[in-house]
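Data block below; observations after.
As written, the chain order gives the labels A, B and C, with residue 1 at the start of each chain.
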Amino acid sequence: MSIRVAAFLPEMLRHLFKKPATVRYPFEKLTVPKDFRGTIVFHPPKCIGCMICVNDCPAEAIDIIRISETEKKFKMILHNDRCIHCAQCVDSCPTKTYTINTEFETTAFDRHKLKIEYK
Amino acid sequence: MAVLKPILYILVYPGFLFLLIYSTLCEWIDRKLYARMQNRCGPLHTGQSGILQPVADLIKLLAKEDIVPEEADKGMFSALPVFALAIVCTSALYLPLWHYAPALKSFNSFPGDLIVVAYLLSLPTLIFFLAGWHSTNLFSTIGGVRVLTMTFGYEVPLFLALLSPAILADSWRIAEIARFFQGRPLLLLANVIGFFIALIALQAKLERVPFDIPHAETEIVGGPLTEYSGRKLAFFRLLTDIELVVGSGLIAAVFLGGFPGGLFWGLFWFVLKTIFVIFLLAAMRATFSRIRIDQMINLSWRYLAPLGVLQILIVIVLKGMSK
Amino acid sequence: MEFKVPIGPQHPALHEPISLRMTLEGEVIKDADLRLGYNHRGMEKLMEEKTYIQNLYLTERICGICSFSHQTCYTQGVEKLMALEPARRGLFIRTLVCELERVHSHLLWLGVAGQEAGFESFFMYTWRDREVVMDILEIISGNRVHYSMNTFGGVRRDIDELQKKKILDSLDLLKKRTEYYFGIGSTEPSFVGRIAGVGKLSREKAIALCAVGPTLRASGVPMDVRKDDPYAVYSEIPFSVCTADSGDVLGRVVVRVKELLESYKIIEYLLLNMPEGPIKVKSPRKVKDAEVVSRYEAPRGENLHYIKSNGTDKPERLKVRAPTLANYPATIEMLKNGYIADIPLIFAAIDPCICCAERLVELADSRSGERKVLRFSQLRRMATERSANVKTRKKEALWPF
């Protein structure tokens, strides 16, 4: 391999006239793909209360609470501050109760405000 | 009244206030060019497309806590940034901006002022070494030693390069050299080699890539400036900016034909020529990687110094032919 | 005159805390003293408290850059424990993501090598082109880092035709840019002057000090787990092991760039020859009593996981030996008789992933300052006694805020 001085220079000068590659977030936003793992969504009518999701969650972010003595109705509390967005609950659930959306801009100043309740 | 005019020159234009404003503008231009060559944005939000970013950095540094290491000599440690800034601002006074009547000798234009400027510009290097020494930190000491070692490399080629236009123009006064080349613009081509040597040596004096060995961030944390913070660091950063302006102004005056035309046109030529030199320096900064200290000394004594001698030979031959 | 310079734990050259105390004479390094443990997180203990499925996500968080290598190594090991044969299409997709991770890691490394040498423009350009790979990984797996694609018996997500086409188109761009960077990295005189002849490791020393990965292959030893002990579908794919002869940092750059070009070929082969079928098979929850050692070729070298199961749904013991840990003795050998200016380059040339390697620790009593070395059984007993009263489930834990 020979040595060429300033081999990088033409590329540099060409880039003076190109648009920068930076995305000026948050003034410009990038679109995320459709299968992006964002926040978990729970559909209460489908839940049968097997608690597999509670056992499988690596971050212990799911609470399933029975809200009716007579019928099999459950509500779910998602601790979004503990959730690592792995979507294991989506895979483990036998009745396909969980779906995942593309929301990822969930920030707050207090971690207790990040609890989402699905009734 | 006669006393007021020099004071105005020193404090306002082309003195301290003008240097403050213009050096921050030059730093912005340099950062924006460097960023655009790397396909990124550069300063963006402070002021219209980031033009106030260097000013914001200086204000932030002035407001931060100022820590002096326990074992350091407090007096020397605090006085060095002020000395360095004063020296560089003084050397800016000798640039041939509009207020010269060409035949008149004044306090800032006399035969030999080229040597005075070159000497004044080499003093900050010594001050960096002293700053590193007085910081009593191991990284600063290594950085200070590297600064002095680098001086042995680039000073001689720089002086040789600055010498050749002076020989051609028959004068040691910057204003006269500039006027000589304004009259005969074709002779500027005889100094092309010297121009490039002076650019490389200026890059080494300003400690920018590929010669930012003394304050190599990934190796010795901060070099001589490791322990400086707050106001003292702000002075050192301002020093680097003003040195950039003065250095490029000196090269523009001696190699590119000076700044003719009085107040308005002189300022216009000054801005244009210094921005051209800064563009070349920014391109050099973006294209190369940092070299080691022994490679740098090798480079300057094997290539730069002989080229400087060659440049002087060319100039002497030209002078002999023209006689 | 000798003096000691501390590089780390806090230093701009290091991305993670590690302490290297160098003994210097002028600008030449005479000796280096390595101290680890600043990044220890207690992963192995935590993995014993969680089930196998929960550990899938914990193993990938051992590291951010080589996350998939840890998860795949673990998954392969547990599949061997379960005596489970994974689905073929799942294995192909698993290998595809492995190679994509290798591409992204080597592009990242090229940028970091440039930055340690002071070549910032090179850093910016390689990382800009690495965004192409990150976007592909986001499309396939749903996240840019921590892909979480593995599950026992295969993978969790499938690839459709549109994604395949997108990957194949990006491969052309990446190939061109990689060859351009190879040209720059090997001919730019200021850069080559910094990396040629620096950090020499001879072939005999490399084998004697148990170096792994590109560090070993740059000294001319063609050892690669993908060829020596094939896992996933590597036994079917035609590729060659990349070596270089110089044994210095330039050799390591050459090896990694050649591996990049090989990876592009492997990815193309995988995409064009992917079989149809299911992407996973059903796996049991409880694993019978057994132990297994699983090996994997991470971008940095050979990754080793030892898993012991005891019949329940939680592992008995999981030990991780990351490739960087195996490269540390070779680094100390390379640092001797180098210059200060070479320290960041030599250290960056082994591609240090310090958080992967923080698995061992030396016990020092903070009150008396005495240090001891314990047997593993004594250490386990001490740790179990200390943690017997601590409530480990988050519901009962006392949150301090």
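As a working rule, contacts are C-beta pairs under 8 Å (C-beta built on N, C-alpha and C of every residue); 3 or more make two chains touch, one makes a residue touch a chain.
Here the structure is a predicted model, which means the values were calculated and not measured.
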Interface with more contacting C-beta pairs, comparing A-B to B-C: B-C
Most central chain, judged by mean Cα position vs. mean of all protein Cα atoms, is C
Whole-Å gap separating subunit A and subunit C, where each centre is the average of the chain's CA atoms: 25
Provide the C-alpha centroid distance between subunit A and subunit B, rounded to the nearest whole angstrom. 52
Please work out the Cα centroid separation of subunit B and subunit C, and write it as a whole number of Å. 45
Where in subunit C do residues touch two or more other chains at once? 121-122, 128, 188
Which residue numbers or ranges of subunit B touch two or more of the other chains? 37-40, 286-288
Which parts of subunit A, given as residue numbers and ranges, touch two or more other chains? 8, 12, 21
In the complex, subunit B residues that touch subunit A: 33, 35-41, 44, 283, 286-288
Applying the document's contact rule, which stretches of subunit C touch subunit A when the two form their complex? 50-51, 53-58, 121-122, 128, 131, 138-139, 142-143, 148, 151, 156-157, 183-184, 186-189, 192, 393-395, 401
Name, in rising order, each residue of subunit C that touches subunit B in their complex. 3, 5, 11-13, 27, 114-122, 124-125, 128, 188, 190-191, 193-194, 339-344
Across the complex, what residues on subunit A touch subunit C? 1-5, 7-8, 12, 21, 32-33, 35-37, 55-60, 82, 84-88, 91-92, 111
Over in the complex, which subunit A residues touch subunit B? Could you list them? 6, 8-9, 12-13, 15-16, 18, 20-22, 24
